[in-house]
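Below you'll find the structure, written out as structure tokens, and then a few comments.
As written, the chain order gives the labels A, B, C and D, with residue 1 at the start of each chain.
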Amino acid sequence: MDSGTSFFGDLLGTIAERGRALLDLGRERRPAGAVRAAHVAELCERLLSGQGEASGVALAQEILVAYRGLKTGERVAFFETLAVAFGPDSLRLDRAIAAHAASPGARTVAELHAASEPRRQELIRRLNLAPGATGLLVAMRADLLDSLTRRPDLAEVDRDFTHLLASWFNRGFLVLRRIDWSTPANVLEKIIRYEAVHEISDWNDLRARVDSPDRRCYAFFHPALVDEPLIFVEVALTREVPDAIAPILETKRTPLDPKTAKVAVFYSISNCQKGLGGVSFGNFLIKQVVEEISREFPALRTFVTLSPVPGFRAWLDGELANSASLAVTAEDRAALEALGRTGVPEEGARAALRPVVEALAAYYFLVARSPKGKPLDPVARFHLGNGARLERINAFGDLSPRGMKQAAGLMVNYRYVLEDIEKNHEAFFDRGTIVAAPQVRKMLRADSQQKLPAVREAAG
Amino acid sequence: MDSGTSFFGDLLGTIAERGRALLDLGRERRPAGAVRAAHVAELCERLLSGQGEASGVALAQEILVAYRGLKTGERVAFFETLAVAFGPDSLRLDRAIAAHAASPGARTVAELHAASEPRRQELIRRLNLAPGATGLLVAMRADLLDSLTRRPDLAEVDRDFTHLLASWFNRGFLVLRRIDWSTPANVLEKIIRYEAVHEISDWNDLRARVDSPDRRCYAFFHPALVDEPLIFVEVALTREVPDAIAPILETKRTPLDPKTAKVAVFYSISNCQKGLGGVSFGNFLIKQVVEEISREFPALRTFVTLSPVPGFRAWLDGELANSASLAVTAEDRAALEALGRTGVPEEGARAALRPVVEALAAYYFLVARSPKGKPLDPVARFHLGNGARLERINAFGDLSPRGMKQAAGLMVNYRYVLEDIEKNHEAFFDRGTIVAAPQVRKMLRADSQQKLPAVREAAG
Amino acid sequence: MDSGTSFFGDLLGTIAERGRALLDLGRERRPAGAVRAAHVAELCERLLSGQGEASGVALAQEILVAYRGLKTGERVAFFETLAVAFGPDSLRLDRAIAAHAASPGARTVAELHAASEPRRQELIRRLNLAPGATGLLVAMRADLLDSLTRRPDLAEVDRDFTHLLASWFNRGFLVLRRIDWSTPANVLEKIIRYEAVHEISDWNDLRARVDSPDRRCYAFFHPALVDEPLIFVEVALTREVPDAIAPILETKRTPLDPKTAKVAVFYSISNCQKGLGGVSFGNFLIKQVVEEISREFPALRTFVTLSPVPGFRAWLDGELANSASLAVTAEDRAALEALGRTGVPEEGARAALRPVVEALAAYYFLVARSPKGKPLDPVARFHLGNGARLERINAFGDLSPRGMKQAAGLMVNYRYVLEDIEKNHEAFFDRGTIVAAPQVRKMLRADSQQKLPAVREAAG
Amino acid sequence: MDSGTSFFGDLLGTIAERGRALLDLGRERRPAGAVRAAHVAELCERLLSGQGEASGVALAQEILVAYRGLKTGERVAFFETLAVAFGPDSLRLDRAIAAHAASPGARTVAELHAASEPRRQELIRRLNLAPGATGLLVAMRADLLDSLTRRPDLAEVDRDFTHLLASWFNRGFLVLRRIDWSTPANVLEKIIRYEAVHEISDWNDLRARVDSPDRRCYAFFHPALVDEPLIFVEVALTREVPDAIAPILETKRTPLDPKTAKVAVFYSISNCQKGLGGVSFGNFLIKQVVEEISREFPALRTFVTLSPVPGFRAWLDGELANSASLAVTAEDRAALEALGRTGVPEEGARAALRPVVEALAAYYFLVARSPKGKPLDPVARFHLGNGARLERINAFGDLSPRGMKQAAGLMVNYRYVLEDIEKNHEAFFDRGTIVAAPQVRKMLRADSQQKLPAVREAAG
């Protein structure tokens, strides 16, 4: 029984509605003679020059609607204009530099800061005046990211988008929601669409993941974004730390009574908004979900992931191609023949391959490093950077085509121990230390042990 | 019958709850040996230096709670540290200036911008990581504003707060809510407390203003601010444009059937959050409320204010003290004796005073100007800047002690004509034009007519 | 923008939650040594004899949980006990009859009424004390209905259930909700499951019906029933009165801009709760949906159904088998050969069959009657009884296997003209009049015209 | 964080809205030539005779609106018609009696029951078709109750209202809500208005009762009743079982940290709806609130009331007037002189009076009985009937004018021990046993001990 929060509860309904209305507007007006990029830029200039806000809202809305009417090429042209014509006011900047040179002080620095701010930052803030605009600005940035590959010169425009979006999507504004079978279909549909790790094949598959007593799903939302999860995590409650993904994804399994669970497994984390790329939420999400689950099941104490190792196969292939590899022995090379390029080795072959894969995986995680001294694997960088430790290596944990292709079937568990997170995190960033469980370290062959950069053995 | 927005509706309940929780935390931990300002600054340094976000949320929360434990003097000391120790990184700035001088380009400008950003901006953003932090940051800025009068050196800190709050409280994030008798009491209580124009004496007075069929009240809310209206407006639906406030505030009047109303009168607009001073919402509020009311009563076409004139009496006293005044004639001086310094002149005296006050009021609004060419009256600057026009001058419209003291009883109506707003607004900002109804202009004495700077006569 | 209703809004969340909790309870405790029917009856006796309500809630809950543990046979045994042991108190009844005979009056009649009330009515009311019980009582009645076919002696038990459910599910307690793509998945899932007229094949099919701009779906809910629609109607917005179902069900069609629609077509109405059989909602639903749609699209004026004719083929077969049939001519018999028993005749054959089918359909609706003078078709009885008129006959409007089998492809439109509903309804019940459009009547062959019982021609 | 209940949450908003709409309707149409009672009865006859529901909703609404237009006398006339003209169908009843006499059986009994049902029951059910009607029917019954004192002949009409309202307001349909400072003002206002035990003087007093950390307030609501609590209870969290009301009502007291509370005190229970008189909720409310509070504060174990004793003074006066009283001794009579008829005795006098009042109070509760063997005090009958025990007698616990007048200042604590409730309740109803704490029993003078009917001593 909760009380009294619903007056505010209604607010968001209002936001969602008008967001949808604005989207519809865009959809409706788009057709026929779409307004050209130049015209949009002109409107932007007007919006920016307005001294008051008399018609700011309407103008912002007009621009956003017009933008949606542009074709891809026209959108790039619009970004170009943002880059060229909406940078800092160079006259003002020169004057600010001169003033600072003449008599430096807090005031001249402040003016230097103001004068060097690209005018598009204020433009983006004013575009956000339109109710429901935030979602459209996120979509605009997704377009921009698409252009970036061919147009690296637009990076400075992207920097301004990122700056503002990071401020607006500050963790303090996000809200965690459980996703379950009573969640609206338009949100669930997005869970299906955005699942990036282990594809959700259909609504039955989805239901198995969100509506079983031993499954949980949580997402972050932002008040200004309509019906749109930002990031979500899928959790399985189990008795043991799992070593393979298939039993978890099995839709026909008998669910566990969650009260008897000992372990919470984060088996999939997906970002949903391309336009928010680079604004990181995952770390906050994991920690808050650990809190939520701890509250629901106080007896449950082990929080692990079951994670893919997307960089393993490419690294392994590189080492195999390198005759001077320090990681791969001649015996490894011989044994790895059985792995093949496609398909899954038979059970017998897998048993034989297991120690080889484990030793190499240990090398990949503990010894190999990027030029900057970071782990090679992006997922490892994420979880270890969050303060997790490498708990276990599971050869052939993922026999799906993707799992075989990216990681020769390899999966790992990262473990989140609340009391150690801070310590691990600092060790990782300050000294590049990778904290790993003893069992992982033991997989490393004796000779590789000596190559170990900074690895700390976890306590238990 | 609305559908499906309630999933999101719940989000805000969550926000509100945790906001309250954080506030409670502050309240509980505050006592005895409050953590000192220096320690808070130390924690800030740690928060800022954290490479990841591992413990950012907890740290931010700790700082906010510790801040609440500081006494006034300690808070000022803390702001001082923000000013002195959390400005831009001067080493980096020097390098950025040198690099820009050597070979100017987009990249060097960007670095110039980044290097000149005071470190406290990022600090404030990180403080906002804590769920519910936004409200506490707004309160922190209220403290800062209090200090500013004696400590103008803190203005640069204030500039950074303002910058971020303006971005976070962007109109696109605000939500309009009607305030009525089914609004939660903790919100209504704040309406009573924040009413700044015509005091609400008690709950009965409040009820007369929000729960009569011919009254409306609307407020803007921000999703991250707990139970807190940002600004609200009180509206009376009437048959005629009113010329006095008392009949509107009368709690015992017989309400009008709102379907027969011809005029919506905005008779009170109050900002609620001291900590958001300088972030302007009023303009947006008025325009959205005009839309709301137009939707509810499509036949209603006249939107006016009944506004105080807070600067009139001071100006008048100044002119009277100035023997060379161009505004005041000898006859005026004689007549104004009847006004007295306190109390309300009797009805007969008021009738005699009326033409004098009207003529002087017309002069005050239409002829007198600030050195920058703006109207002298702050309320006039607000509404005329929003694109309203000066519709009518009402001598003795407010006989309350405050009304007499500030404005010799004078009130005016500003009128919002949707189609003219843009035009009026631009004329006001571009040419300093004050748009006034013919009846106002006619009040000006013939000789003053010639002194008119830019006044446009409104059409009807 | 709505205000202030959300405090109450939360109430239902509470109801829903505890309903689910009770269901879960039942699910969990069911296994192993299920409590026997006799024991349940014993508990019922205890519940009924309790003088106060001290433990009524707990006892009611225990009974409902125990009931769910019973197997089918045991449930029937339980109903038997309700029939035999929970009828009226015969001693009290005899005394009441005697007292009434001795000195009849309001008081003796009241006692007669009280004494003749089966004790199970009060039992059912007390079972409803348990929070969330209503849904379980509806499910219990569904079981009872299942038993009735083989156990007509249980009809008296059913009468009491019906009496109470009709009172509790009074239209005044029902709430209309729009069903769309932001409806929770657990509700949408039931729309898929309960659709009884034109099967919904999967979630995409569902989405086409609830999430297109030219489609609407509405359902009635009861506050005490968890996540459960009671009845729902699917509506298509079209330009013309449709004569076939396939184009409406087509998931790939291009949606119509609803603002240009002229007609709202009720193409599917489904009851959801077997346990509420005999408690009628359809009539209220249609009328309220007409109001909702009229409010959303004031210009839309034509409200029709596109309805199946489930009794047509059986009637036709009966007439064909009856050599003395007044309805079927020798020419009809010859022509109808082309209809076949299964499959759909080719287009040419259909063209030839059309006038024959139309004439016979007109006879079926306008001339043929049940012994009580009612139309033979159950769907016709429903809509005509509601005050609709028979608007159009569409030969081969439904070429699906079911459509062909039940109705030789025949579909009809019933039309709801708000001003005529009352008149039509009364004419139907008082004089058995069937109101039909001129075009329907014209389909009737000249000789059949004379057999017409009561048919009123609709105006336009 | 809760999930997914908000779809249903919205339902009630809808109910509330339409309820208000209907009330407004009544208010508006009432004036001028109010429709007469006879006409209303005529409409009722039409509503009842309608075979279908074609216009039932509209007709029901018309009747309810017309009823609201009637003046008091006309309403009584309307009830009269209900009594006279809407009783059972006597012809049908005679036939049913005859049929039953001829060949009694389940079927004839059923018909007897149906035929003896007053027609107004079905009428009331049909009136409830109108959305929002339930609240108006409750109001109608309040009118009826008003009439009953002078018109006992209307009791049979009241019996039918009670029967239906008891079924509709079954505990299974009620929802418990916490009332606090974020509750809508229109609900809080009713808490002020309906408080029947210890008057709430204004909004500050209210706030002290619902918004202090050591206070709770809970109410039952029904989904169909607009903004209307049915019954509410005020709870104080304290360290000790209190013996006086004044410290609890003190608005300026320092609140207790609720986590350190040992006792929950139910110090006020008020029914809100006159029209639901005789439908009992209090018992359910107390038990559910005990559960709520136990969940919030698992350590809190003692649940007591601090209750008035409204019948004590009248009983005492009766005994004093009775020279043969067994309860009052000559010494008592002498001592009680100090009590006076009005005002509060001084502290010294109170100390002297205390043992006298205690002994007499013990007699009043434990020895004195109604002719039916029940306790004389209505509040005692309520709590003891609910299974509570008499825990303590507090002489001069309520020195307010009402407390002195009704009970010579006496208050008592009843205690709810969850495990004993059932046992106590049965003992009370089966054997008339009053369970009392040893300390209460000891207050009884030795000679009275022997007169004890059934009193069981509570364990601890």
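Here, a contact is a pair of C-beta atoms (placed from the backbone, for glycine too) under 8 Å apart; a residue touches a chain by one contact, two chains touch by 3 or more.
From a predicted model like this one, the values you see are computed outputs, not experimental measurements.
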item	value
From chain A, the most remote chain by mean C-alpha position	D
Equivalent interface to C-D, taken from A-C, B-D or A-B so that over half of the residue contact pairs match	A-B
Computed distance of Cα centres, chain C from chain A, in Å	49
Whole-Å gap separating chain A and chain D, where each centre is the average of the chain's CA atoms	57
Mean-CA-position distance for chain B and chain A (Å)	39
Per-residue overlap in chain A, given as positions that touch at least 2 other chains	1-7, 9-10, 14, 176-177, 181-184, 186-187, 227
Chain D residues touching chain B - in the complex, by the definition given at the top	1-4, 6-7, 9-10, 14, 181-186, 188-189, 202-203, 207, 227
Residues of chain D that touch chain C when the two form their complex	2, 4-17, 51-57, 83, 87-88, 93, 97, 100-101, 106-107, 109-110, 112-113, 116-118, 125, 128-134, 156, 159, 164, 166-168, 170-173, 175-177, 183-184, 186-187, 221, 223-224, 227, 280, 283-284, 287, 385-387, 421-422, 425-426, 429
